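There are structures below to look over.
In what follows, chain A forms one complex with chain B and a second complex with chain C.
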Partner chain A sequence: MAKFLIRRLLSSLILVFLASSLAYLLAATTLSPRSNFEQQQPPLSAEAIERELDHLNLNDRTPLAERYATWLSGVVVGDFGQTITDQSVNEHIARKAGVTLRLIVVGAVIGATLGVAVGAYSAVRQYRAFDRASTVVAFFLLAVPTIVIAVVLQVTAVWINDVTGRQLLEYGGEYTANLDAGFWGTLADRVQHAILPTLTLVLSLFAAFSRYQRNMMLDVLASDFVRTAMAKGLTRRAALFKHALRTAMIPTITYFTFTFGILIANATFTEKVFGWHGMGAWVVDSIVTNDVNAVAAVTCFMAVCVMAASFLSDVLYAWLDPRVRVS
Partner chain B sequence: MTATTAHAHGDAARPDGTDTPVLQVTDLEVTFPGTRGSPDVTAVRGVSYELRRGEILGIVGESGSGKSVSSLAAMGLLPDYARVSGSIRLHGEELLGLDDRAMAAKRGRAIAMVFQDPLSGLTPVYTVGDQVAEAVRAHNPHFGKAAALARAVELLTLVGIPDAERRHRSFPHEFSGGMRQRVMIAIAIANDPDVIICDEPTTALDVTIQAQILEVLKTAQRETGAAILMITHDLGVVAGLVDRVQVMYAGRLVETGPVDDVYYRTRMPYTMGLLGSVPRLDQDDKTPLIPIAGSPPSLTDMPPGCPFAPRCPLAVEACTQAEPALEQVGAPGHRAACVRAGEIQANGWTARDVYPVPEIGDPPQAAVPREDRTTVLEVENLVKHHPLTRGALFKRRVGTVYAVDGVSFDIREGETLGLVGESGCGKTTTLLEILSLDRPQSGAVRVLGTESGRIGGRERMRVRRDMQVVFQDPMSSLDPRMRVFEIVAEPLRTHAYPKDRLQARVIELLRLVGLEAEHAARYPAEFSGGQRQRVGIARALALEPRLIVLDEPVSALDVSIQAGVVNLLDDLKARLGLAYLFVAHDLSVVRHIADRVAVMYLGKIVEIGEVANLYRHPTHPYTQALLSAIPLPDPEKERRRSHIVLEGDLPNPADPPSGCRFRTRCQKFAVLGEEERTACREREPELRRRVEGAADQAAACHYAERQEPL
Partner chain C sequence: MSIATEREAQAPDDIPPAITGRWSSLAKEVLGTPRVVVGLVIIGALVLMAWIGPLFSPWEFDERDFFAFRSPPSAEHWFGTNTTGRDVFHMTMVGLQRSIVIGLCAAVATTVVAAIVGAFAGYYLGPTDRVLMWITDLFLVLPQFLILAILYPVLRGSEWPVFVILLAGLMWMVTAKMVRGMTISLKEREYVLAARYMGVSSGRIILRHILPNMSSLLIVDITINVSGAIILETALSYFGFGVQPPDVTLGSLIAEGSRQALAFPWTFWFCTGLLILLVLAVNLVGDGLRDALDPHSRRRS
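Moving on to the complex of A and B:
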């Protein structure tokens, strides 16, 4: 089993390397940092532009292979280079990664748990009121793009705040600037800011997971081993919980890996809409500003996230399904 | 009655019936409401019976007769939407109407159940030990985890799991079907129940494993003293095991009584038909089976009167007016629901008197000696090995599954060769290799003299005409979106049959297999299993082949339907001079239809020969064990017989034992001296004539010897 996980870890590392390299090469060939400097006011001299570009390893007159080699030699020692404004990319990552991670980890955990719970319960209550209601809600959410959900939530928050006359829900930024309210006050302020963006992610993830889990659960509900468990003397509830749900969750774990990529994409929109300065918002900004190194760095971060999720689901899979462990 | 295990207790039912029955079912009725406009299905219609302490009661019936539903009702395991009425009393206490919590307290403790399919009956993600321990703890919460597990190991040992101390940590997928069924039995007896319901516990298993499981059930009954309700469609299983038997048809009991009365003094035509349609292993001369015409009524739209009347050869006016009650006939306890039971008794009618016995002739080639007939199929040293590989990107070979490992036989014109063996012995692989017409890995396959793999496309087409196939599952081998006409016409069109004669030919074929011309316009879903299999046979016959390969053609069908299809195959062979390769696991059916039989074990033929000889005097220990393991539908014979029960499961085909492959399970090897065993271990016995007197019989055993297992 350990051997299997180590193998998976190694192949994940290779994939992360490939993804980042491809992103770098793509960004380096399509973005044009030179234009940034050429349009600067006051205009820079031609030598100054060359100097700046060389300094940032962004000069398109240097062969691509050479630029790539320079970038790579930095990356292997953990240095992602400089942004286009000559700041350390690493420092940016350090500041922004936490913001994004907080958003997607909390969103993924709540969304997946809620989705699995609702999906499993609606399978048990197939065609009853709860099942029908959750089906309608899930399909509605699946049909609406995340960005629309985010905006609708924002509008709703404004309305709620107006009606109650208090600033109940925050819909811009990650925290109130210059707040001095001690530890608990700061925490409450952060939670207040986090509710809507997290909810945006939770809703879309919940919709996908509840549908999937419902189908998986329906497959095992009528299976013989659930009947065996009841024949032993377990109540229906105990048999469903201990035997059906555990078995039905195995395929969902694999599904988690697939949805994680979508989750990160959704996080990008969410960060932009709610004014969070995370990795997602940053990648959009760096594409606009022709910031090659930043784009490569964010891609690497996202690849690491996806691989971590995939690795986690491998571990969970092995924990849930002994057939993987034994063979 | 002779002593069965039930009586070993000493506290069996007293004839005066003074003690309360353990389980008493009265007027049980189960209805599944129809959804979206479809009518309700009444699966059980007024069933009443009693089960006394330590008694073994058999319930026999075909699929859809309601035998499983009635027992699930007793367990409280029917889906919520089922409507159950009547009364089910356990020790006098009413079970119907109890809520799930109260019912859960009874399930597994007072009343336990063993289900049909052991492969899907255990939760794949828990160890077998944990699953047995869970059953212990469900009713004894004070048991600690360790204590429950220790008890689980004890139970697993009792049901014959070797090395239970270690193997309780295995997961279900590491166990064979037979072993899993043992685990299911361990779960059922974990809390010393008073009633064990066995729902077709051996149907999904091979005969040698079935014999093992029946032994385990007897042990279980001895240990717990429970009453057993044995539900099965197999009249053989019931014959030797039970005290009383009840026959169900269309949701009702139609005949019930002590097993001897029901088998020997049958009073209900349906029971007669069932008994008559079973192919018998112990019948020497080849007589046609007695099929029951038609198929069971749909439970949504019951005809008034006796539900069996439309299929009954004895039906009279009175039968269609009111449903006959279950009334006493003959001996006490023997009851039947038939208005003409008295007449049947008075005239002493048997199945052969009641049912029309079909006449089946001999094929035209039968008069010619076998050696002078054309060889239709010749298989010489056929080998098929599957590589076992590891790794996703770079596959490396880690072993070989010896699926078929040197098989030789031939089939002459107008002859049927039965290829029998348990699952995993390689019989289906052999058949697929023959059908593929590709060059085998080693050896040769010749169809009508043409060697497979050495011919071009045009010639392959020609060979395909001569060799057709009928598959096991009539549900999935017909395209559900094609009309029967299209299904039967497809091979004709493929082989450019003249268009103007197409329609006439399809109708001729349908008539040939006992269907009507108007069936051509219907879809497969509108037919019953037996009719669908007939469509499959018509399709195979379309091109006038000379050899038909049949892969378990009747194993998915109920006995009364099976008899009709077997007779049809027999009749077609006689009329059209066909040759069959008949692959099956049911030795009784094979005895009935085959002229020669080949018995396979782990990719090799262990014995081959003329059918009567081989069944009467098998010489290979495996053949002897197989024949001995099959229960006969004859209570007296069955009680007198002693079965050879083989040890263990089929060895891993990737790692077969050295020398003789059967030696690890061989009952003969077990009693050989150490010196004699050396030959079995070191030399692989070749297939050749081993004993005097049998011209056409070869066995692969160093110590082959004639024996009479029946």
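Moving on to the complex of A and C:
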């Protein structure tokens, strides 16, 4: 098992490397940092533009292979280069990665848990009121793009705040600037700001997971080993939890890996709509400002996240499925 | 499909029933699932509305009403007007047309790519499989949204078909993995072995014997991809990386409307509602088809 995981880890590292290289090459060929400097006010002289571009390793007159080699030699020692405004990309990552990770991890944990719980329960209560209601809600949510969920939540928050006359829900930024309210006050402020963005991620994840888990659970409930478990005298609850749910969660774990990429994209939209300064919002901005190094760094970050999720799901898989552990 | 069912229904009773073909039995299954019928009816209504609606609209697509900027819905402007005085109804209908066409084309293209990659990987196994699955994994690691956004400067000048090809190029991975798994189990079946011993070429076996036998999976997959493509397109358009003006899609309309959703709700809610309805209908069809075509899941929902 350990050998399998180590092999997986190695191949993930290679994939992350290839993915970020590909993103760098794509970004370096399609984005044009030169136009940024040419449009600057006051206008820069031709030599100054060349100097700036060379300094940032963004000069399109340098052959692509050479620029890539320069970029790579930095990345190997952990330096992602400079942003287009000549700041360290690494510092930006250090500041922004936490914001995105917090959003993704909290959203994924709440969304997946809620989805699995609701899906499994509605399979047990198939065709009852709870099942019907959760199916309708999930179907509806699946049809709404995350962007729309985010915007609608924002609009609703404005409306609720208007009606109640108090600032109940915050919908812009991650925290109130210059707030001086002690530890608990700051924490409450952060939670207040985090509710809507997290809810956006949770809703879309919940819909996908509850549908999937319900189908898997229905397959398992009809199988012989659940009947056997009850026949040998286990209570219904024990049989459902220890035998049915555990087995039905195995395909869901695999499904989690596939949805993780979508989750990251959703986090991007959420950050952008709610004005959080995370990696996702940063990448959208850097594409607009032709910031090649930043785009490559964010792609690398996202690839690492996807690989980490798939690694985690391998571990969970081994934990749930004894056959994997033994072999 | 409907012609086949009608013919079947009209067949006199005294003639022994003919063995039903793949398509007519498929049609029967499908039409027996209420969800699919409801979904198809909604989609049909939306298609009619999108293509016939503009004919009844008194305003042209790019015509501006200089006496009614941001006016709420009225008898004159059914969905109101936007900031530049353009008729929201006409724009929404044109956007609906585009979204439907983009979704359909991208979904079909995605499934074709996925079927070919998956079937070849699963049939040949060995080095072919390893290379193809590496490429698949690589694409899975790269967030699709990001790649499309990076490619945006190249796309800026091009027409929407280029956009469709790109969408397809970034959505095929998960299906390809599924097709590969099914191919591995199908290639050991007797009819495939028989074909192989008769000397049928590998390419022909894949196209004529393996892929048709997972057609139900592929059909379901196309439906799922339609909604996936529409949703991805909406997200891209929201950030301005999608279809470029003067072309409009539901996504770009939502993007424009969302910035003034509170003050001028009609610019946001009509296109959003139609988009949700469209995706919902497509999902209903997909979900119903999966249950109807998959013998293991007869008792679901």
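Rule of thumb we're sticking to: the second predicted complex is superposed on the first by the 327 of 327 C-alpha atoms of A that agree within 3 Å, B and C clash if a C-alpha of one lies under 4 Å from a C-alpha of the other, contacts with A are read in each partner's own complex, and residues count from 1 in each chain.
In the analysis below, contacts are C-beta pairs under 8 Å (C-beta built on N, C-alpha and C of every residue); 3 or more make two chains touch, one makes a residue touch a chain.
Remember, it's a predicted structure, so these values are computed and weren't measured experimentally.
Colleague: Touching A:Thr146 in the superposition: chain B (first), chain C (second), both, neither?
Modeller: Touch partner of A:Thr146: chain C, not chain B.
Colleague: Return first, second, both or neither, reflecting whether A:Ser134 touches chain B, chain C, both chains, or no partner chain.
Modeller: A:Ser134 contacts neither chain B nor chain C.
Colleague: Counting residues of chain A in contact, which comes out ahead: chain B or chain C?
Modeller: The partner with more contacted residues on chain A is C.
Colleague: For A:Thr228 in the superposed arrangement: first (chain B), second (chain C), both or neither?
Modeller: first
Colleague: A:Arg246 in the overlay: touching chain B, chain C, both, or neither? Say first, second, both or neither.
Modeller: A:Arg246: touches chain B, not chain C.
Colleague: Contact-wise, after the overlay, does A:Gln82 reach chain B, chain C, both or neither (first, second, both, neither)?
Modeller: neither
Colleague: Return first, second, both or neither, reflecting whether A:Ala265 touches chain B, chain C, both chains, or no partner chain.
Modeller: Once the two structures are laid over each other on A, A:Ala265 reaches chain C alone.
Colleague: Have a look at where A:Asn59 lands relative to chain B and chain C in the superposition and call it first, second, both or neither.
Modeller: In the superposition, A:Asn59 contacts neither chain B nor chain C.
Colleague: Which positions of chain A sit in both the chain B and the chain C interface?
Modeller: Comparing the two interfaces on chain A, one with chain B and one with chain C, no residues are shared.
Colleague: Note which residues of chain A are touching chain C in the complex, please.
Modeller: Against chain C, chain A makes touches at 15-16, 18-19, 22-23, 26-27, 30-32, 135, 139-140, 142-148, 151-152, 155, 158-159, 215, 218-219, 222, 258, 261, 264-265, 268-269, 272, 283-284, 287, 295, 298-299, 302-303, 306-307.
Colleague: Provide the residue numbers of chain B that touch chain A in the complex, in ascending order.
Modeller: 75, 77, 100-101, 104-109, 112-113, 115, 117, 120-127, 134-135, 138-139, 171, 173-174, 184, 187-188, 190-191
Colleague: State the interface residues of chain C toward chain A in the complex, per the touch definition above.
Modeller: Residues of chain C touching chain A: 137-138, 140-147, 149-154, 174, 227, 231, 234-235, 238-239, 241, 254, 258, 261-262, 268, 272, 275-277, 279-280, 283-284, 287, 296-297, 299-301.
Colleague: What residues of chain A sit close enough to touch chain B in their complex?
Modeller: 223-225, 227-238, 243, 246-247, 250, 320-323, 326
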